[in-house]
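Pasting the structures in now, so scroll down.
Two complexes, one shared chain (chain A), two partners (chain B, chain C).
On to the complex of A and B.
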């Protein structure tokens, strides 16, 4: 393990973090990472009290993943990523093959631990849920794809699955309770996901989601590639998070290698990030209106989204803004006349968007459908790490652009948008405000855009770093470890991975016909969950 | 049964079969226009039905004879019901045809078998559709009875033919305007349109009518689609010929019937446009709020009965 020299400001943060861990003695051992995060290697004896202390001090577990051959002392290392306000602390725990579960203390660990079990074969003792996660029952028993010993090639699935090996869903018993299985093949063009509803009449009593029907092995694919080659892989994680994931990866690489990219590239990247947020939110808002059968309103947003995506194509040659972000800046500059077209477009866009918004928010039948539907209580935000507009509509504060500014968000600061109702209407309204904010920011960025190059060519150095960005869906986390110029581990945790678990709570007590609009309002990515 | 009645039966059935798909397309066209889209061509529904008629039928291995007979029963019941509502020419009433109670039960028969077929294949969406359709039916049924009772009060007859003859002779009562609102709501509910159901979508968890016919395919699906279209036309004709009957032929003359048919086409076209605009103006209601909509129809028809009894 290599750590950089600790800066004076870091010592202060280290002391604060040690306080969170419940013992000042940790302060000297906490080391600063490359991108503002802090690392602390803990022994098994120190681990449990430290976790309890972090839980008592209301820290959030935002990531947990396994890395092989990271520590000289053991085969695997488990990295626990905790967040408290604007500090991020990563606990490194040695692990030979078994570990104690923390899912009872930090419920967001449930899926993380199951992911580690499937990927690396680590058994978590004391876990309340030991079912498989991304490896469905047709995968062979001792197959753990992320270990270095497993080659990256197709695996022969089991031909037959015994009934007792089938995935056990939570069952709800009682008079009049019955189960409705929905998916993974749906009636419309929707990604695969299975929803197991337990209902009484139309009222939903329990919902269990099962994802991971199209695992692509992205983390494995990234291994052995250069960070530069991996940008295309990052862009493929989830369609309308292409820029966010590419930027997250590039920031990690640049921080590890000490590359500082030209100011023009920083500005342009931010324009792309905000364009992506806008078109993603628009698609989402249109979808919410389609789901309550209000096509008149939905079309206002669909048309704007399409116009925006055509704008993307003019600016970058890609409707999804792909192939532009790269390590060291951008692959190409955006022409001045194109930026002028964008500026004109954004000004018209704002007016048209407000007209659409007015139609929607003055339709009483629609407000009736949106209000009080699919509430996410604020108490769930921290345990499940619910972020993005879904979190902010329930009174959450997390916006990475504000709490951990990356790029130029420290100078072009977004307005925090926060509502407290936590229902579909609140999520719709937060997204509406964010679309208008993004439009304003883009105008501001184009006006203040500096001249100069958009790319700097500097070599990649070895090391590791955590980078967190705010995509349209919420907090996207990326941890990159480069060794001998090649990627040793590329861990991505998308906002959807955590937010999917919120829907199980949001639908309780609601009626089945309201599920589609609740689902859409959370804008969850299936692909982004299933790397 | 005299010759003019036989001629009426042939003419009315042909007219309703020929026009029904047109109004479905027209409503879609209007909705598309409000959204700034071009929408399907007016003859699209005809093409769809012809296409479906040519396709093979696939049955789920879990389905029984119910699945096989439902399209025919549904089509037969709706076609007989269509005989009860003259579109252009009102003949002399012959033996019970035109009785509103029988008319309601014919519609109920078609609905009953459609719901059974929804359950028959054992898919969860069909079951959900049937369960919802039956819940809605149980609530709308009393309202429908009251609406038709109010009509009977206004016209002092149980025969639709009798009602049409009276209304064609001159506007009988201002209370009919109130009845128009109730009948419009019944059209919306019975033909599964927004805000009750969304005919456009296969959004699996919200659908009602589409859920029930999800397992239907090929010519069976064509029959289900066509009978739904005929049901819409028949209910629209009921509203039109009670409220705006001008031009309705009561004697058997070629010119009169032709004029009445053209006038009906125009009037029903206008009503279809109104339905399209109505659908565009709102979102679907929350399922458990639907009784509020039905209560409106109930209220207006009860009001009509009270007015008719005490005036």
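On to the complex of A and C.
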């Protein structure tokens, strides 16, 4: 395990973090990680007071995952990732197989702990929800794929699931309450997931989301690969977040190995990240309009999206910008004439996009559907760690590009976009502002693009680091541990994983026909959640 | 609000239809002829995602955008497998989706065709041989056509459907 030399600034941050933990004595033990994050190993006696102190000081639990053979003291280590403004603190807790749950203090821990249980067999005592998460009923008992002892080989699933073994959904009782099961196979061209509505008439009384139908074993697949080989795995996490996840992985590798990539590669990566944000936002804006039956508006955006995806293909040869980002920079340069085509396109794009926006925002019947629909109250943002446009439309501040600038976001700073209504209209509007911002940033980046190489070939060193990027959907976390040049653990936590839990709250009291538009306005990736 | 009067006085905002892809148009026309001949004017497709990374879904969805507008070639995406002639499957089949996938296939009336779209659906792709997936779609039910790609472009999907129609026409 390697550690960076401690800088004077680190000591100051360590003191601030120790303050958050409620005891100044921690300051000397907090160590700086490779990418600006801080680590502190805590004993079981220190753990509970530390957690309570972090909760009282309004820290957000943004990740919790298990790593095997990380600490010499125990078989498993649980890593709790906390965020407070621009500081990230990771608590390392030894764990032999059981641990106390913190889900009652930090509700976002609920899914995280269930994920650790399925993956590593860790039992959390005092947890209010102990159901399986990503391993559905067909997986055999006592099967925990992420432990080192379990080889990544095909397993024999159960062919049939007895009714008593089926997933126990929360049941809601009362006069006139009935359940509507939806999915996993939906009516449209959408990914699979199950929604269990409890409704009274048309009004949604309760919703329980069951995901992980698409669990493909991404994290296990990464183990034993080199970070370079893993880029293709990162791109397969979620199709329209290919660049974000590839960049997150590469940043982690580069930080661990002390690789600084050429400036031109930094600029081009940022252009790709912003292009991805644009086409992703356009897709869900079009989708939101389709879901309220407004094809005139929807087509304005879907045409622009197709144009953008064709632009992607011109620039990189892939409509999803795949195969370009790599450790040490980019696999290939983007030709000068293609960048000129992009610049011309972006200038026209802004004008065309505004035409579409005007059509949408001047249609009162549509505004009527969007306003006050699917509200996410601001109070939910911190407990559930809701980020991205969904968080910013509810008064949230988190934008990783601003709070933890990576790449060149410290020089090309995005404008923070915030609204407070938290409804579908607010999310639509925040996305619209971000699309226009991205277009402006791309123009700026092309104009200021430095010459030079786009790749540096340097060896990978061993170590671990956390990297956080802002994808179109929000905060994406990637924790990478490289040992003997191979990946020991690749932990991914996408924005969708946390944001999915927001929808259960956003739909309460809404009518069932508004569910599709609320779902689309949150733009949740099923593949990115299920991994 | 848009003023109704100004709508009459102003120039029409409708843009001229560009023909941006000669290839897509040609494939589409051929496809329409084949669908007319083999399936009596309309081909009903049910899309089923058994574990893709959502890029393939995006491309299948793009078939309905104004550039491709696949409906004019006689293709309709239907909401239920009971209405479908073709099952378009994307992604390697995960254990968690296996039962639902089989139920979807069984719900389709015969004659039915299955098309695997994308590398993962064709043979499991990068997930082949891992704990979480059974493999390609052909591990669960018979597949009539495979369209490779990561993901295949909308044009490639149209070309694949044309190949399927040619095959179905010969069989009939």
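Quick notes on this structure:
What we mean here is this: the second predicted complex is superposed on the first by the 527 of 531 C-alpha atoms of A that agree within 3 Å, B and C clash if a C-alpha of one lies under 4 Å from a C-alpha of the other, contacts with A are read in each partner's own complex, and residues count from 1 in each chain.
In the analysis below, a contact is a pair of C-beta atoms (placed from the backbone, for glycine too) under 8 Å apart; a residue touches a chain by one contact, two chains touch by 3 or more.
All values derive from a computational prediction rather than experimental measurement.
Of the two partner chains placed by the overlay, only chain C lies in contact with A:240; chain B stays clear of it. Once chain A of one complex is fitted onto chain A of the other, the partner contacts of A:220 are limited to chain C, with no touch recorded for chain B. Of the two partner chains, neither chain B nor chain C is touched by A:43.
Here chain B and chain C are compared by how many residues of chain A each touches, and C touches more.
Contact with both chain B and chain C is seen for A:188 once the two complexes are overlaid on the shared chain. In the superposed model, A:303 lies in contact with both chain B and chain C.
By the touch criterion stated above, A:515 is placed in contact with chain B alone, chain C being left untouched. Touch criterion met: A:202 reaches chain B, while chain C stays clear of it. By the touch criterion defined above, A:368 lies against chain B but remains apart from chain C after alignment on the C-alpha atoms of chain A.
Once the two complexes are overlaid on chain A, the chain A residues touched by chain B in the first and by chain C in the second are 187-188, 299, 303. Within the complex formed with chain C, the chain A residues making contact are 134-136, 138-139, 145, 150, 152-155, 157, 161, 184-185, 187-192, 212-217, 220-221, 232-233, 235-240, 242, 283, 299, 302-303, 305-306, 309, 319-320, 322, 362, 364, 525-528, 530. Taken in their complex, chain B has these residues touching chain A: 31, 34-37, 124-125, 128, 131-132, 194-195, 198, 200-206, 214, 280-289.
Of all the residues in chain C, the ones that touch chain A in their complex are 1-2, 47-62, 65-67, 77, 79-81, 91-92, 94-100, 104, 126-127, 129-134, 150-151, 153. Taken in their complex, chain A has these residues touching chain B: 180-182, 186-188, 201-202, 289-299, 303, 363, 365-366, 368-369, 511-516.
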